[in-house]
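These notes open a run of structures that come right after.
Both of the next two complexes hold chain A, though its partner changes from chain B to chain C.
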Partner chain A sequence: MKKEGKEYIWKDYQKEIAEDKYFYVRSCVRQNFFPGSEWAFQKILREELKKDLFENAAHTSCTGIGYHTEIVPFETMMTVVARQFALMTEAGYEHFVSSCITSFGIYSEILETWEHFPETEARAHQYLKEATGRDFIKPKNLAHTGDIIYKFRKEIVAKGKYRLVHHQTGEPLKIVEHIGCHYSKMFPHRGIGGAEYPYVLVGMIEDWGGKVVDYPERRHCCGFGFRQYIVRANRGYSIACSRKKFESMEPYHPDAILTNCPGCPMFLDRWQYAISEMEGKTYGENGHGIPVLTYEELAGLVLGYDPWDLGLQVHQVPVEPLLDKIGIPYDPSKKFLGKDGRDLGRPEAPHFLKFYKES
Partner chain B sequence: MRQVVIIGGGVAGLEAAGFLGKMGHQVVLLEKEKAVGGHVGKWDRLFPNRRQGSEVMDFIRKKMDEKVSIITEAGIKSIDTSPDGYAVVLTNGEAIRADAILLATGFELFDARKKEEYGYGIYDNVITSADLERIFREEGKITTADGQAPQKVAFVHCVGSRDEKAGNVYCSKVCCVTGVKQAIEVKEMMPAAKVYSFYMDIRMFDRHFEELYIEAQQQGITFIRGRLSEVYEDQGKVQCKVEDTLTGKPMKVTVDLLVLLVGFMPSPETKRLAGMLKINIGSDGFVLPIDGHISQNETGVPGIFLAGAVTGPKCIATTLSDARSAALQIDQYLKTK
Partner chain C sequence: MKKDKWGYGIHPDRQIDLDNANLSLLELVRQSEPSYNLCIACGSCAATCTAGNLTTISLRRINIYLQRGMIKELREEIRRCMLCGKCYLACPRGVNTRHVIIAIHEALKATGYEEL
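What follows is the complex of A and B.
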């Protein structure tokens, strides 16, 4: 495999990412799935990078899941998006940053639609005015939060305590990167590195000391794919997709999976448990799974944040094997303590997937 | 004596040069590369009868006489109108008088790297049809990147042609028959190898082409109707994901070598020259003659003529006929000038 071939493609997909003054919108599901990720993003931006990150509590879901399941019509979704832009305009910001890949895809789709069909944009202004009395200016710059972490990846590692190398052997850790479909498959030029060989997570992994694992089903769906999971009858497709990926990456012995989408880490993490219960099969070393992380979680680990502050204890696949390899200290006795120090109890261990270090 | 400047030293330019010389005109042929011959000069054997490309080149070269002078590595700075016709100014400052100009700038092969999902330039064992011809011509045997004889070889048709995503909706005409010819050659070279061909449609438009397709099937080449969705290289093997659209089944085919049948692209130089000469470019990027049926060689600009693949994909036989036709048109034009 020739790296220069990928570099040739990457140079065509470099997008502008604003330097500062971001209007931040959250995902509607990430805080439930990976509760420390958005917290970590805000902490990194404000405290480590000293950036102006503004959030308005009045912002809402982008309606993306409803739109992609054909519950929410385009006009409704467009008007909700217009309202998000209006909140940004009212706050005096021009750079719109979305925490969710689905939302990023929605915002991209709307902006592309408006670019090609100005009359549709005019309708959005009209609908929003009629519904809320608000108006908006389109963002000067649209980025996903992963783009921001990518942009400042070198600053993060420069401030960091850890690198993605085995602390005993010095070998780079082998990381699988998985990109959410709506990041660049619809609009390749809006993603760093394009659609076929996205660079956004590769850049983080490589600059933080790790090595990217290329494997045959790299492009395959994580298993979410909206209808595969949201339509209950299709859930067999969902887990089959994830299984196909695990089987494909297993021979390369990855140390972790890095993702940039709300759904991907959820399914790549939880389905490992489900597959282990169904088939007795685990994909990590010695009965462990392959830890699945968001880019904020990984950035937080590089910066030396406490794993439990990052919410890594709510992962279905334990992250301790990865922490041990990097040499990140953690206190197992505090894993299931709440923020107030109260013991939240210990989850029941799966039958096959190694969950507790001592088990 | 009238002087014709021919821009482009591929088979169209060379054939027209030979004919115009025989008709008594002085010819200056400008070629941007170090040597004339164009794409045919780099091809090993030609469809449908698999004769050596060099034989055709020899045939064309034999027609050249002292009236034809060839300037290689010729960059064109400008083309100016003059009282006599035109002055073609080269990048070295030399100005060449022209009573007529023949644009025979041909085509470029589609850059397969633009079909990112096929991994050309990234995966070691993904090559193009042009690479395979070079291997046939220079190496005489086919090997994978690690020097092994491939056991399984697959061809992908329509790479960069009939593809809106690639920006080219036209058919490049010659890739299907090239792919079938190359598949047979691979099979003959390595009879034990399994050879696949992934196609949208097999377009065997010319004489003896269909026979070649039948021969390929008789030799055991497997034709699968479906366009590849993606390619991946795993431990030296190339994995192809494709849907067999005749059976409606997705397939994963693992091969040792994947050959991409790249199509024609209008060359950027043609576009630049067309701008200088104020001649029209079609929506496909190739030059528009004034009439696609009855005036293929004329541009509507006095003294400016066209020959070969500058007006769209053509096979060699058609290109040579087109070049002769252009030579006759130019001769007629110069006689009445």
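What follows is the complex of A and C.
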């Protein structure tokens, strides 16, 4: 196909992302899993890109986890989401930005439902009015925080101190990208590249100097699926999904895994430890694991933020091998110090997975 | 291995990888009974199977096991066939299904997977 034809078709796979003035809602789990990610997003938006990012402390969980485990009914979830939109309306914002892929899927599902069933939207207005006395206007633009970083990826690398290349050889680092299932598999037109060619993380990796690893199980679920891990007896299925991906990507020797969902980095990171304890198997170089990062953490590294300020010390798989390849300096003695300089203590080292970098 | 510690293990992978599947039996059956190549997997054989009313046997499932190289499952399944041949009468493509079963037994024996 001619290049012009490809470019013409590719236009159908793009989505509109607002330029500025965002109403920001957090994930309910990311701050526990990867505590520096949302901090980094706010810092990048406000201090590096000089954007207007507003957050209301009164916003809540979207109830997505409860919805997907059939604890929270749709009507309840819809009313909670309507309240989030009401907070945005009251603050005078129109562009809604969600930090969580599950939430992004929930907001997309509700907006799509309201578009096709206006009577359901009318009920949401009624329920919210009865419950809280509030009213709302639907957001003009819905984006995931990864979309925002993608939109400004060139500005980030222009301001950045590091690129995703080996600082000694100059070779691009091999990065596995993993897209959260709820990003574009449910509503393809709401994701960059749709369900077929999700480009949001690829764009970041390529523009920041790295090389994307294409491997057979690239689009396989990470194993986070709610029913797979909430019930303990089902977790063997969750970890089997992650292992399938690790086994598939291992021959390509990836330097890191980049994700855009709260659950994917959690499970791709922690399950590497669990698999090593269960089977003695590790997937990185020399007994290490494959470091797993969120896009905010990677953007923070590119911008030269301190790895420990980004919360990389709470990763189960140590990130030091990646930092060494990029040439990012870090102080090992400060890895487990709190923000006030207090020693937080060292976690118990795994039996097989190398946790502390060998000097 | 460490299930006691964790409360769960890693579920075994059930992926059918046709690049690595053992299709030796399938080839032997195709050579022994060429009409097998006419099968359209309609399931008429399984629907009319007398043994299928009394046991879990399904000739359609046997067909799938054979084509996926799932020899262990195949070996268990064909033991339930009474060789009555009713499936042969029902087959719209004229596949000699009775002989397919015999051919599978012979192939299992020839490949050392099982004595007839």
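Note that the second predicted complex is superposed on the first by the 347 of 359 C-alpha atoms of A that agree within 3 Å, B and C clash if a C-alpha of one lies under 4 Å from a C-alpha of the other, contacts with A are read in each partner's own complex, and residues count from 1 in each chain.
The working rule: a contact is a pair of C-beta atoms (placed from the backbone, for glycine too) under 8 Å apart; a residue touches a chain by one contact, two chains touch by 3 or more.
What you see is a predicted model, and the numbers here were worked out from it, not measured in a lab.
Asks: By the touch definition at the top of the document, which applies to A:P216: first (chain B), second (chain C), both, or neither?
Replies: In the superposition, A:P216 touches chain B alone.
Asks: If we overlay the two complexes on their shared chain A, which of chain B and chain C does A:K281 touch? Say first, second, both or neither.
Replies: Touch partners of A:K281: none, neither chain B nor chain C.
Asks: Please indicate which partner A:K185 is in contact with in the superposed arrangement: first for chain B, second for chain C, both, or neither.
Replies: neither
Asks: Can A:R227 be said to touch chain B (first), chain C (second), both, or neither?
Replies: In the superposition, A:R227 touches no partner, neither chain B nor chain C.
Asks: Applying the touch criterion given at the start, work out whether A:K129 contacts chain B, chain C, both or neither, answering first, second, both or neither.
Replies: neither
Asks: Touching A:H166 in the superposition: chain B (first), chain C (second), both, neither?
Replies: Neither partner.
Asks: Who does A:R243 touch here: chain B (first), chain C (second), both, or neither?
Replies: second
Asks: Counting only touches as set out at the top, which of chain B and chain C does A:H59 meet: first, second, both, neither?
Replies: neither
Asks: Based on the A-chain superposition described above, do chain B and chain C contact any of the same residues on chain A, and if so which?
Replies: Dual-contact residues (chain A): none.
Asks: Would you pull the chain B residues touching chain A in the complex into a rising list?
Replies: Where chain B meets chain A, its residues are 113, 116-117, 119-124, 230, 232-234, 239.
Asks: Can you check the complex and tell me which residues of chain A touch chain B?
Replies: Those residues of chain A that touch chain B are 1-2, 4-6, 8-9, 194-197, 215-219.
Asks: Can you check the complex and tell me which residues of chain A touch chain C?
Replies: 232-237, 239-240, 243-244, 274-275, 277-279
Asks: Please output the residues of chain C touching chain A within their complex, sorted ascending.
Replies: 1-2, 5-13, 15
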